[in-house]
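You will see two complexes here that share chain A, one where it goes with chain B and one where it goes with chain C.
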Partner chain A sequence: MPAVLNQSEHREQSEIGVQLFGQVFVNGVLLGGLYGLMALGMGLVWGVLRIVNLAHGAIIMLGGYTVYYLYTGAGVDIWLALPLTMAIMFCFGYVLQRYLLNLIIRSAMLNTLLITFGLNVVFVYMAQLAFSADYRTINPPFAGNNFEVLGITVPVVQFGAFVIALGLAALLWLVLERSTLGRAIRATAQNLTAARLYGVNPKSIYAVTFGIGTALAGVSGGLFGMVSQVSPYMGVTLTAKSFVVAILGGLDNPLGVILGGLVLGIAEAMTALYLGPTYTDVISFGLLVLILVARPAVLLEKA
Partner chain B sequence: MNRFVKLPLSKLLFGAAMPMLALGLAAAPPAYAQEKTIVLGAAVQLTGNLANSGRYYRDGYNLAIDAINAKGGVNVGGTKYKLALNILDNQSDVNLGVRQYVQLVTRDKVNFLLGPFASNDALDDSVVAEKYKVPMVQGGGASGQIYSRGFKYIFGTLPAAGDYFKSTIEMLMKLNPKPKTVALIAADDSFDVSVAAGTRPLLASAGLTVVADKQYSENSPDFSSILSFVKSTSPDAILWTGHEPQALSFIRQARSLDVNAGLMSSYTVGVPSSDFRKALGPDADYAFGMTPWLPLKTLTDPWFGDGMAFADAYQKRFGYPPDYHAASAVADVEAFAKAIEAAGSLDSDKVRDALTKVDFQSLYGQVKFGSTGQISMPQSVIQIQNGKLVPIYQTDFIEKPLYPTPVWSKRH
Partner chain C sequence: MIVRVVLLLLFLALLAAMPWIGSDTVIQFGINTLLLATLAQGWNMIGGFTGYPSFGNSVFYGLGTYGTAIAMSNYGLPFPVGLACGAGLGVVCAVIFGLPILRLRGPYFAIATLGLSAVMAAIVSNLNIAGNNIGLILPLFRGDALFYELALGVLVLATLTVFWLSKSRFGAGLVAIRENEDAAAVMGINATLYKVCALAISAFFSALVGGIHAYWITFIDPSSAFDASLNVKMVIMAVFGGPGTVFGPIVGTFILSAISEVLASSVSTVASLFFGIVIVLAVVFMPKGLVDLVAGFRRSGVRYFIENMRRYRI
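Entry: the complex of A and B
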């Protein structure tokens, strides 16, 4: 009798284990989609402009506030607020690149690092002055909802963010591969002189590319605000994560970046479950070191 | 990415920041040079990721100093002294805070020290107080680690972190239905480690089974793995400890992953703050929390009148309501005023000895330091009910709790 009981108990235990694994895997995939979206802009700017944008997290933060004020402040519908934020952030990024970053784009890597680090400090402190250090949440009515598939709970917002991330990555891929603009962007990245000879104006291409990167970062900030919260200081860890994801995914293909996001998301979720959340940073940066050792060419070629 | 460039960049930035800092200091007129003043020094999180709580200390210190000065200041052996504050921004950086406290003591030569927010900071900053033998009264760190080192110059007005859940567990055993299983979730900083270490024996002696005991990283905004694990153990109660931004993430993600405690959830930090309710909206309802302080009329105070009058004055001046952090900050300044008057001297050692003997009623409660330097106070259990903060239990029930907490899907 007891043996039978034990067996069924055991089965129940392992069923819980499998269920939990599935749930955490899905959590990781959904989180990874958001990470991928965050890193998309950073990877694009890095690949094309050779700028490692240390203000990337701050730009995500500004996007978060834009969505927050559009939705919570001005009462704009959330589905309108997100594209509107992309438009606003595109303009912001365009101007930033055209009139500031273009001035130093030809100088040494350290200078671009320094200026984007400086921008990060400026954005963060301006944000605290303008928005205060209060934590803001973007709370559309469906924010906490979820649905169940095969006993696994899927949060609506995380799922939506995942779909949006995939959609935007596919769109970006299409634009880069199929459109004239995309060809110009790729040409500028591959051979600046040749691109110029064919009539591409790098100044405007750079600004447009940076604008696209900023728009993508902005929308990811809004989605992050629905999952977590927006504060002036949210950017630091997000810059680090975007960096890891961009390296993991490679800098040439937006879909690769999403894949990099998924790898990081799943790795973090699994680490948090089986090793403890204290180790998530160790794992994500360990992954980074591994990639750098295994594929140093990625960095050398691109940056 | 920061990790990669931190070395050269932080040096460069430091190089740029130092002249700016010097300029800023030189530009500030030494207002307290003319009349007899006692300068209290502090390095507080005015910017950075803890700025949201750091402001309670900046504003509490300023309000207390102005109130004491308005009533004539501090009487030191027959001479009236005014209080002044020398406050620096530690940018939520523990290491910078330590350097600033050294600067406050050695260069600015402040008379006494007030503390920063949070146990991690207080733990390191108090070393400076001890080393230079300048008394520090701090109201931002509750961890027992701060007081377990035999330091003589550190005093604190937050009750011990290990006891934060004491009144909550006591209350739980008086509720019907009684919980049997508990999930304990704590961050990895010194405050939360102390809370968890103190809570485990309390749970054991109450006969509660811990089905999940998880630590999370302060830096990680994602709780989905922990939440999924907690869900798989279906605990009756979730006891959670950490700081406010993580509490917000935890609750929002709990809702989106449909994780429910069978009976109730309680959070050490966040629940008393108005910002918490604003950020969560109706999702804040039913959350239990705790506070050593409530703005009560019964808390009489020599400078503010009572706890309620203090809360009103604070709200009026700063535009947001105080929580226990602010009241604790005020108590720190008042403790110095009382101790300096009792010592009749500005001598560090005499004031330090006087601090060990202070015992007075304040808007914060009875201020009296134990042998380690830490105050002893009960935590009141509070709950958010329909967007309002309601005191529930201290040694007995104050108001009726909303219990058990309905599952998320039945709440809206």
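Entry: the complex of A and C
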């Protein structure tokens, strides 16, 4: 770089800076939407069942593999593979909650943490045995395409994932606020005894809620496999990130969770731009500890 | 009581004599198992007694590893000094991390420790003094018998510490924090001080294990020093044996290590999978661990498992 810049060079440089900033910002927003979708299931399960699911990231991973094998393996159309994955993962989550987690749902927090920690280990190593440790990418036909808005490149896949995330969050909000099932779920979260008196069966409501959570996690895993890669070990960092996002967004509102995802996505993208990509995870966990330490009382009230 | 103490001492003598009667493979398996048992005992102090489920104790193991290695290979200090540096680093960092993190409770604490263990490897691999991604090589020292006795000594020390916890006012304070932190604070327990002390003691032993392991293996790098699967192992062994008991974590480690060694000889993934299944089943059927199982089984037989399963279900 020359020691002295004349004015036009200077302007050019700052324009490139603005452009780069815009591009990174958009990337962050698009990734953030996906983070939001990942966290939706965790927040829902946490808010209603009072379980912090440490196997959440592993469930996202299983969803990623389901989409991968449906699409790349069995040749199912991608727009069919995603809803199909949601259905499969819903059944999986329903059975898991109904026949295993319901057994310990009333025990101390430590035990629910331990059992989901154990489930995480089981899922990771089963995946390693069944699918091998190779990294897999889901490549839909439109994978390489992108379009340009105001000089900023928007990859179609990332944009699609973002739109799907927003759509599903809105759908979840509608179900929770407007349907009988949603009312039953919210009632169970607020007061289990009162909900029972009104004829809600908590056994099945818990299972359905957990099922919805795993379905959302599953589809987010599929989308993550399109924008990034799927491997048996991808889970732990995603669990922690989902947790951060769920706290940022609050547990009572799906749209808030998406907003929390955007905050994390933008923070990560900016970190990668200004500090270097090795620090993205450090920043997101630094953010986590900072948020937790700074305002635990407020958060505990919400949770 | 006296009979028990005599039996215990006999068992200890048998363990101490192992380097002279066992084969090389047995001794190496022994060193690994004793070190793991110490880690489980360390987790027991913070997770079992204090009730703070740390999923990041491997961080202190890693810090002990690096403290020892840096002192020995960068500054040429002898092993005892290096080990002291490692342990010191572990304790200092436990206080630094503990002060903010131990203010968090339940899941918040669990996730913060999980995050810490994920971040440490990334931080260390950016440090020049720690050899970046490549790691460090320690001076070579051959003497499995010595490492074995050292590992046994540290385990005995850790167990004596836990025994002291189970009898002392300090330990009772930790249990009070586990059962009800607010009530404990009302009773005049300085909860923050107690928790940070518990974590520091736990970190001290984890770091010692790290230091011994580093010198034994003579090579360390970020991914092996901050190996998150160590967390899985120490938590499972403590929980399986009996969290909050004196001998539970040791019994748990001895049994599970032996089984996993047999499984690992075929496929190592199967051994890891086995750990996961054990923890899930243990939480459902025997949440208080093997030690409680022995007592409960004598009382009510197979019904013990069914009682446990029914207790918390909806």
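Assume the second predicted complex is superposed on the first by the 287 of 303 C-alpha atoms of A that agree within 3 Å, B and C clash if a C-alpha of one lies under 4 Å from a C-alpha of the other, contacts with A are read in each partner's own complex, and residues count from 1 in each chain.
Criterion: a contact is a pair of C-beta atoms (placed from the backbone, for glycine too) under 8 Å apart; a residue touches a chain by one contact, two chains touch by 3 or more.
These numbers were taken from a predicted model, which means no experiment stands behind them.
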Once chain A from each complex is brought into register, does chain C clash with chain B or fit beside it?
clash
Output check: A:293 vs chain B and chain C. Expected answer is one of first, second, both, neither. What do you get?
second
Of the partners chain B and chain C, which touch A:100 in the superposed model: first, second, both, neither?
second
Chain B versus chain C as contact partner of A:151, first or second or both or neither:
neither
Kindly classify A:115 by the partners it touches after superposition: chain B alone (first), chain C alone (second), both, or neither?
second
Taking the superposition as given, does A:278 touch the first partner, chain B, the second, chain C, both, or neither?
both
Does chain B (first) or chain C (second) touch A:73, or do both, or does neither?
neither
First, second, both or neither for A:143, with chain B first and chain C second:
first
Using the touch definition from the top, say if A:167 reaches chain B (first), chain C (second), both or neither.
neither
In the superposed arrangement, does A:135 touch chain B (first), chain C (second), both or neither?
first
Colliding stretch - chain C into chain B, listed as 55-63, 181-189, 271-279 or 289-297
55-63
Determine where on chain A the residues touched by chain B overlap those touched by chain C, and list them.
52, 54, 113-114, 117, 121, 125, 128, 236-237, 239-240, 243, 278, 281, 285
For chain C, which residues are in contact with chain A within the complex?
51, 53, 55, 100-101, 103-108, 110-112, 114-116, 118-119, 122-123, 125-126, 228, 232, 235-236, 239, 267, 269-270, 272-273, 275-280, 282-284, 287, 309, 311-314
Per the touch rule above, chain B residues touching chain A in the complex are 1-3, 5, 9, 12-13, 47-49, 51-52, 55, 92, 188, 214-217, 219-222, 224-226, 228-229, 231-232, 244-245, 248-249, 252-253, 255-258, 275, 278-281, 283, 408
The answer for chain A against chain C in the complex is residues 46, 52, 54, 100, 102-107, 109-111, 113-115, 117-126, 128-129, 202-203, 206, 236-237, 239-240, 243, 278-279, 281-282, 285-286, 288-289, 292-293, 296, 299-300
Which part of chain A faces chain B closely enough to touch in the complex?
16, 19-20, 23-24, 27-28, 30-31, 52, 54, 113-114, 117, 121, 125, 128, 132-137, 139, 143-146, 153, 155-158, 227-229, 231-234, 236-237, 239-240, 242-243, 268-270, 272-273, 276-278, 280-281, 285
